[in-house]
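Here the structure comes first, spelled out in structure tokens, and everything after it is commentary.
Which chain is which? They are A, B, C, D, E and F, in the order written, and residues in each are numbered from 1.
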């Protein structure tokens, strides 16, 4: 079962296109997917995920269990940065502020990793709940707060950056594209339900996996370029953090899922969320909130190391963990 | 022709709105912003479109203004460069319409 | 019936995504749909509409009634700017040239509003004719002429703008993207008919509504930003014009449809066309022909006020008017 | 039969949209399809073609016949530039280096022309083999080598261009977007086979023809603009080369196909490949390798003359040649 | 090195072709155009991509040319600015190849 | 304020990486690249987006550096212009931070 799972994940078209992009970038191909096209696809993907989750949520009532999972999701997003920060300060030579910013990325999540896990579960015939999309949305932002707390602890109070405005960080954090689109589409899916969805599913459901292939080709190119440009900046401690941190997050979450008795599918998704790291929303927030933290450090780690690991070996592993915890 | 100052401010895109406010508060009458597609600094090259967060993108402000306000402008921008990545340069230019700047 | 109609229009996914974008922009979210991606979608939408209309036209003969409607469409496009100009000069403090440019926008049409009306009619089970797309194409340009006549009336003859060339305005007006694509696709649909269409309908027909959702998310962002940046430039007379003018145009056209005995569906579309205002083709033409008119005035009105009004409350209202006129 | 073939090709939506774009550009319309959107579509098209070819290859064994065709394809790509060079030097006043660069374009291929031929064959009910996509990929690059040999023959050994780097030309030639995506998708299609394809075919197969319409609208605009800007630079000998060279390439390949006894479908595709000229991969390589050759010459010829000719009259002609050779 | 004039012309995109013709008629040998992504003027900010008509987009012409034709160039451009939105500035630059400009 | 040199290098995009290497080898500490959208030269207009190979696109490098290395920079760039299409101009600018350039 497990060898088969790894095999079928690794040989799925979406992973193969990711590997194609990764390989091309590492071999210094100049090919690119135009940024604005890729950004358009990213918006499409988030709309599609949100709608799907919302429609499924519209079919079932809100049970206490859902609130329980939501609480866990929140705690994971808020708490994991502290764990990550300690690990980084011990195992790498990263400065306090770089460690805090990096830690924030690992409390937050990668929506593409989440989607890839959904696909792998579908392929394996394991059911998942629609409300897990809401958990993903819920885990995006809190980690940013923790990163700020960590960074400002013991920092001498500095003046305001020239030109900064009250509310700009709030808007960047709570009204960034992924929050707006994901939460908005979730709500729209919930409101319109199956009936509204039927008309738009030929665009948002049927071609979804294919679009994901094209998008992951671009993600592979980005991850490969990020790694090639940035790895020299990272010591071995930092680089290994990009793989050990997801594993620790996964282990921790597996234990929680076991204790809560979550279904295999939902557990696999929650473990994947905990193990994944942000590379869109959090970096953008960090440039505003902690401009002195170096983007080449946290982007290289989350996009160049953790994302490829999760997409290839991580996801089948997390599914196995969930099967073990749920079985 | 009238002599004015031309400011060229290359700054990371996440700080763009802050730079807008700094220039507007200093009293310039206008500026224009251009998107960069790549560059080099700190022994590292960057290229637009290699990360979706666009957090490493840079933009350039071009701003023509009267020499009067130069001290105000540069003091505030120095503060901005205390936190954000970028470079700034100033030169003299000739313009046709004095009152426009 | 009518409450249901308003309800189903307002809660359709396309309107909800528009409202999502509008809300995000008004709350100063920085999110954007890349311009080049949105422009690509706009071309897709116009191709799809044109093809659909052309294919349907290929199935029926050209009746005298069609030429009658075409004549009315032309007269509306040419005539409404004069009405609009008088209204603006009376109710607002707009300058002569700004009023003329704005008036031109209201004689012309918004193809997205037209499409949204088509969708709402489909939802309500009301049939429409394919040739109404040709009416939309027909109404785009004539209003620009009227605007120029209005603006140049009583203006002292000024010299040529440096660098202007004979024919540039003609090309801008008759060969802009929406005219080329809409008329071209209409002709192609007509030529190839059902047979040619069958191969390409999985791209142009099936996912159409979904693409419209994505596009309207962007339109919502644009409308919200236009409103936020521009409303200070407008006095209360101008702002209310953005709602009264569509209503007057709609009332006028309802009377004409009643007199002509148009079918409910076609009447609803013609009323919608009359009530809608351009925000792509006409602004671009105005920058060339009347560069002294201020774009922030006419764009704020047509994109920031009239478009949101039509998309939400306007369309159900126009359908009700058509039902009354046709009933 | 043949009149019908020409007719059905010329009146297919993809050709009509191409003609629409061509006409708009020649009439100096300012309309554009955003470059980044068109580039995104180009990547989609190459992925789709590669996947389709790969899946079909996964169904059949590699026969010696396939290697035979591959050998012919390679020889055509390598050899035709020499023929083209001689023709250009005799019939036009082009400089040695311009002739060499142009010749390279005609040994290489146009993937869009290939796709259009596939569609026309499908319409005519003629079967083709999946491995022909591999032939297309195979013919892209070798012609570039021949162009370099031609250009450097008798050139006085010049120093290195400042800033040039070992391997940059290699990467440009073997790792450009079309090679990476086409070969990569071919491999992925081969690996995942029918099973992997089934999930993504709603994106890569069903809407393919429609996307092609949109893409060809843009190609028409590009071809028209290329022609309008560049034709003055070309003498009559050069301009006619843009049509005679495809015909000579086609005739030569027809003879070979006849000798090899290729099936009608495969022969038609191989003839089309030989007759088509590159306008993406080769121009980019030429700017690096032969910067002194003028892009306006080779781009105008391959994009402005040969591509429109092939897409309209060429393809039905090549199919007829193949029918004759195969019959 | 040779001293030439550098013209920097920021103008609304709908007037781009007109500016092209003005510069070409004045006899410049070349220019390059860059797309702006935002700016400020007249107490208002604008941003590319907030309206599909692109009628508020701006572009920048950079043109290096010989001081000889400066009067011709600026007279015509002043006319253009009588109708269209934009700013213009001139400065001195050094170039390597005299005959190129 | 400190006086530095500002290099403005407009070059065809296919030669971009070569120009990067030339500047880096000459020892500049940074540069920024901007995409052009059109232009005119050699009696011909070009426009971005009219061919998918992008082989006629141009880019602009802006590089502020210390006058010390000017000879090295311009010698190598002259070589580059022996093969590739483009123009180059130099001017003086004032900067706030001396050690940054």
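Throughout what follows, contacts are C-beta pairs under 8 Å (C-beta built on N, C-alpha and C of every residue); 3 or more make two chains touch, one makes a residue touch a chain.
No experiment lies behind these values; they were computed from the predicted model shown.
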Determine the set of chains touching chain A that also touch chain D. C
Measuring from the mean C-alpha position of chain B to the mean C-alpha position of chain C, what distance in angstrom results? 39
Chain E to chain F: how many Å between their CA centres? 19
Chain-centre distance (mean CA atoms) for chain B and chain D, in whole Å, is 45
Can you pull out the residues of chain C that are in contact with at least two other chains? 32, 34-40, 206-207
Where does chain B touch two or more other chains at once, residue-wise? 20, 34-35, 45, 77, 91
Going by the touch rule stated at the top, which chains touch which? A-B, A-C, A-D, B-E, B-F, C-D, C-E, D-F, E-F
In the complex with chain D, residue positions of chain A that touch it: 11-13, 16-17, 20, 24, 27-38, 40, 206-211, 213-214, 217
The residues of chain D that touch chain A in their complex are 34-37, 39-40, 43-44, 47, 51, 167, 171-172, 175-177, 180-181, 184-185, 188, 191-192, 196-197, 199-204, 207
Complex contacts: residues of chain D adjacent to chain F: 32, 34-35, 38-39, 42, 159, 161-165, 168, 221-222, 225-226, 229, 279-284, 286-288, 291-292, 295-296, 299, 303
Touching residues on chain B, where the partner in the complex is chain E: 1, 4, 6, 16, 20, 23-24, 28-35, 59, 62, 64, 91-97, 100-101
Which chain B residues qualify as touching chain A in the complex? 12, 14-15, 17-22, 25, 44-56, 76-77, 79-80, 82-85
